[in-house]
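Should a chain be cited, it is by its letter among A, B and C, assigned in written order, with residues numbered from 1 in that chain.
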Amino acid sequence: MNAILKVEGLKVEFDHPLGAVKAVDDVSFALQPGERLGLAGESGSGKSTMALSLLRMIKPPGRITAGRVSLDGTELSALDHEAMRHLRLAGIAMVPQGSMNSLNPVIRIKAQFADAFRDHGLKLSSAELDARVAELLRTVGLRPHVADLYPHELSGGMKQRACIAIAICLRPKVIIADEPTSALDVVVQRQVMETLARVQRDLGCAIILVGHDMGLMAQFVDRLGVMYAGRLVELAPIAEIITRPRHPYTQALISSLPSLEKRGAMQGIPGLAPLLRDLPPGCAFHPRCPRAEARCTTEKPAVREVAPNQQAACHFA
Amino acid sequence: MHLIDILRRCGVFVLIVWLAASLNFFLPKLSGQDPVRTKLLQQAQLGGYVQQGIDEMVKVYETRFGLDRPLWQQYLSYLGDVVRGDFNFSIANYPRTVWDMIAESIPWTVGLLGMTTLLSFVIGTILGALLAWPRAPRWMAWLMPPLWALHAIPFFLLGLILMYLLAFQVQWLPIFGGYSMGAVPSLSVAFVLDIIRHATLPALSIILVAVGGWALSMRGMMVTTMGEDYVVFAEGKGLRSLTIFSRYCLRNAILPQITALALALGQILSGAVLVEVIFGYPGIGTLLYQAIRENDHFLIQGIVFTVIVSLGLATLLLDLVYPLLDPRISYRRT
Amino acid sequence: MQGLLRYFRRNLSLVVGSAMLLFLLAFIVIGHFIVDVEDARALSVRPLQPPSWRYPFGTDRQGRDLLAVMVAGTPLTLQIGFIAGILGVGIGTVLAFVAAYYRGWADTIIRGIADIGLTVPGLLVLIIIAVGIPGGLSVNQMALVVASLAWLNPTRTIRAQVLSLRERGYVEIARMSGMSGPAIIVLELMPNLLPYLAATLVNAVSGAILASIGLEVLGLGPIDAPTLGMTLYWVNFNAAMINGWWWWWLAPTTIIVLVFLGLFFVTVGLDEYANPRLRRSA
């Protein structure tokens, strides 16, 4: 099967007076149509930067310094500004973080849909717009009258559904959801994830779910990528990762989960996440790694196939 | 907005008026003497054709604010005057009432300051928004230092400099007054043009300074707004730069600017006292200057009171209008 | 030292502002050596002389040497500004800390007074106060009058700043480790606030000078002191502009512009130092 989204050797660096910081370092993966891919990692591991860079939305002092991203065969870096703009939402749509106020507080929900339609060249009559918006809102389980409300009149969960409805309004091929349920309470979290899963199934699009909740990942995604210090250190089907994690960091992640119900945020990995500005030489994980040897302090492990469909970046995997 | 909110805002307005009146009443008494009485007695001794009127005023003043009456009674009768809008006669220009003189000056000041405030708001806000916008032309960045520098200079000083350059050296514009001497005030085109010519220099010195302030604050708000999540999401939605700029950034960043505009409009009467003085412009500022020079306490008090009331009024209006601009506000009980 | 130099190169505003103020300082100090400040009194020299080698800044109608007036008057104006500014920021800081640290009714009252006070046009209140003081003001009285309103703005801005600092982790940690309120304020909050306080102070000094000059131009200043504002009052009083005595207003105007520009750029520079985020977004 042809990959819908292909990422090769992607690098994002942030300029800093003390030297460039690599937030995303040589990441490659391929996303299959309809696939649900998870990207997990601690905060500062580069996973959110990675998500933004797929949309080419990195702001200075950050910039994409290397790599290719292609959507359905179209190389994104070859697109001009205007084409890239059209590709956002229509090709790759983002679902913003749940903790954020991602809706413009001073205009009504319907207008926030209308802006998107208009700027993507759809000329809708007022009646058509009403119908489209009502239909989209129904898809995410909101009632049509929500269209006439302001964001502050909605609950956190409702706002997030509205964002999902906006994200799917042009039937994108890929959805990137960056911690879509952060700061929502557990019940609402579940509802939002179910909504996301349903619209993804109905549209048949692929989805990249960025997050740090391993339990959520286990329930939702088909494959999971684990990021550490800007690198994709392991990528494998979720069942493999849960049962046979190859990278010591992934192992630590898995074993830190409460064993009975595999839910909860990552915790209890010894040591601190490294500063991207000041990475240790060799394998960035070696200061915290129980298996570290002399080689790990000097030689950066390459990503390699450790089993069919399973890749990891560790000398011992 | 709820009725209670409206009532409470009106209550704040009444509070401000009351504070202004009390300030007027008590501050001059802090020194232990009554400067008003001193001045009145001085004026009475000067004599002249209005002598009888001044004597009358002294008598009225003594019965109402005399030292034999307790302070609270004086205070109450003063508040009574304020409620009735009675600011007494001008001490220095006796037969004229304070209110007459103020009413005559207000249109001049409101005209000049209203115009310059709105103009500098519009120019400054647009400039500020563009200065924060990454896609604005490069040369705009060069506008910042002069805008900043001008903003740091007081209105009236710039007025002096412009006056020397444009009115004294090259004599393009009249140097003094609100209209030419000998011109007959009428609604003719010639007279209006004359007024505009006279207002140009004071207006220019206000606008050149004020634009920088509006631009600076707008730029700051734009920078903050551009970092907001809804702007990031708007970009993620693939909206046009212009849409993001106008409907997502500007529309939100302008809200605090509008608050500031309302306050600035409230300050209209006192905003450029010194500019008026420098240019001899026949507005409230010059009236106040004359009142100070002549120690005309009733006139000073009348002006201060009028200014503070106009300010309270502007704040009240803003509070009533603001919910129309910001949908969140009617729900947020402050 | 080299780091400092490198920092200065990035923070040009601070350098430019400080340079202007240092220049003024040098002018005052050197001026005191080369000119007799007694000539700043009326009837000391021939009146209305345009600038010459003898009187580089010219003389005014009352027979003052304007160079002497500037040398004697600039420090007086700065004195008013600094006394009022320091008093204002001092009072403002104390009130702001009380309000922001202890919250509750103290906060409500302090914030209420500051907010209402800030809506009232300051110059007018100062006029009422100044008019009410019989016999005119001395330079120091002038400073006190201006200071009576100079604390409002610092109170509000510093309060907001303390509130945001208060939420940060280290204050929480200090509180949990049993530090007392005042100790937290002095040991934890103060050091973080210092650059910000410095910027507020410079701002307050600038505002106080502006207010004092305003009062003086209106004729409410210390009538026989040669401050910059009083000089402008005489300029206006004698209609020097229309009469073509350009040197009379040129000297005070130039110095006042230098004072305000210098203070302004120092504030901008200090702001940048206190809050580097502003720089990056510029």
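We adopt the following convention: contacts are C-beta pairs under 8 Å (C-beta built on N, C-alpha and C of every residue); 3 or more make two chains touch, one makes a residue touch a chain.
Quick caveat, the model's predicted, so the values are computed rather than measured.
S.K.: Kindly indicate the chain pair that has more C-beta pairs in contact than all others.
M.R.: The chain pair with the largest number of C-beta contacts is B-C.
S.K.: Going by C-alpha centroids, which chain is farthest from chain B? Tell me that one.
M.R.: Max centre-to-centre separation from chain B belongs to A.
S.K.: Cα centroid separation between chain B and chain C, in whole Å?
M.R.: 23
S.K.: Averaging only over C-alpha atoms, locate the centres of chain A and chain B and give their separation in whole Å.
M.R.: 53
S.K.: Indicate the residues of chain B shared as contacts by at least two other chains.
M.R.: In chain B, no residue touches two or more other chains.
S.K.: Going through chain A residue by residue, note those that touch at least 2 other chains and give them in order.
M.R.: Expected reply: no residues.
S.K.: What positions in chain C touch 2 or more of the other chains?
M.R.: If we look for residues of chain C contacting two or more partner chains, we find none.
S.K.: In the complex formed with chain B, which residues of chain C make contact?
M.R.: Within the complex, chain C touches chain B at residues 116, 119-121, 123-125, 127-129, 131-134, 206, 210, 213-214, 217-220, 232, 236, 241-242, 244, 246, 249, 253, 256-257, 260-261, 263-265, 268, 278, 281.
S.K.: Which stretch or stretches of chain A touch chain B in the complex?
M.R.: 55, 57, 85-90, 93-94, 96-97, 100-107, 115-116, 118-120, 150, 152-153, 163, 166
S.K.: How about chain B: which of its residues touch chain A in the complex?
M.R.: Chain B reaches chain A through residues 228-230, 232-240, 243, 247-248, 251-252, 255, 325-328, 331.
S.K.: In the complex, go through chain B and note every residue touching chain C.
M.R.: 15-16, 19-20, 23-24, 27-31, 33, 35, 38, 148-149, 151-154, 156-157, 160-161, 163-164, 168, 175-176, 223, 227, 263, 266-267, 270, 273-274, 277-278, 288-289, 292-293, 295, 297, 300-301, 303-304, 307-308, 311-312, 315
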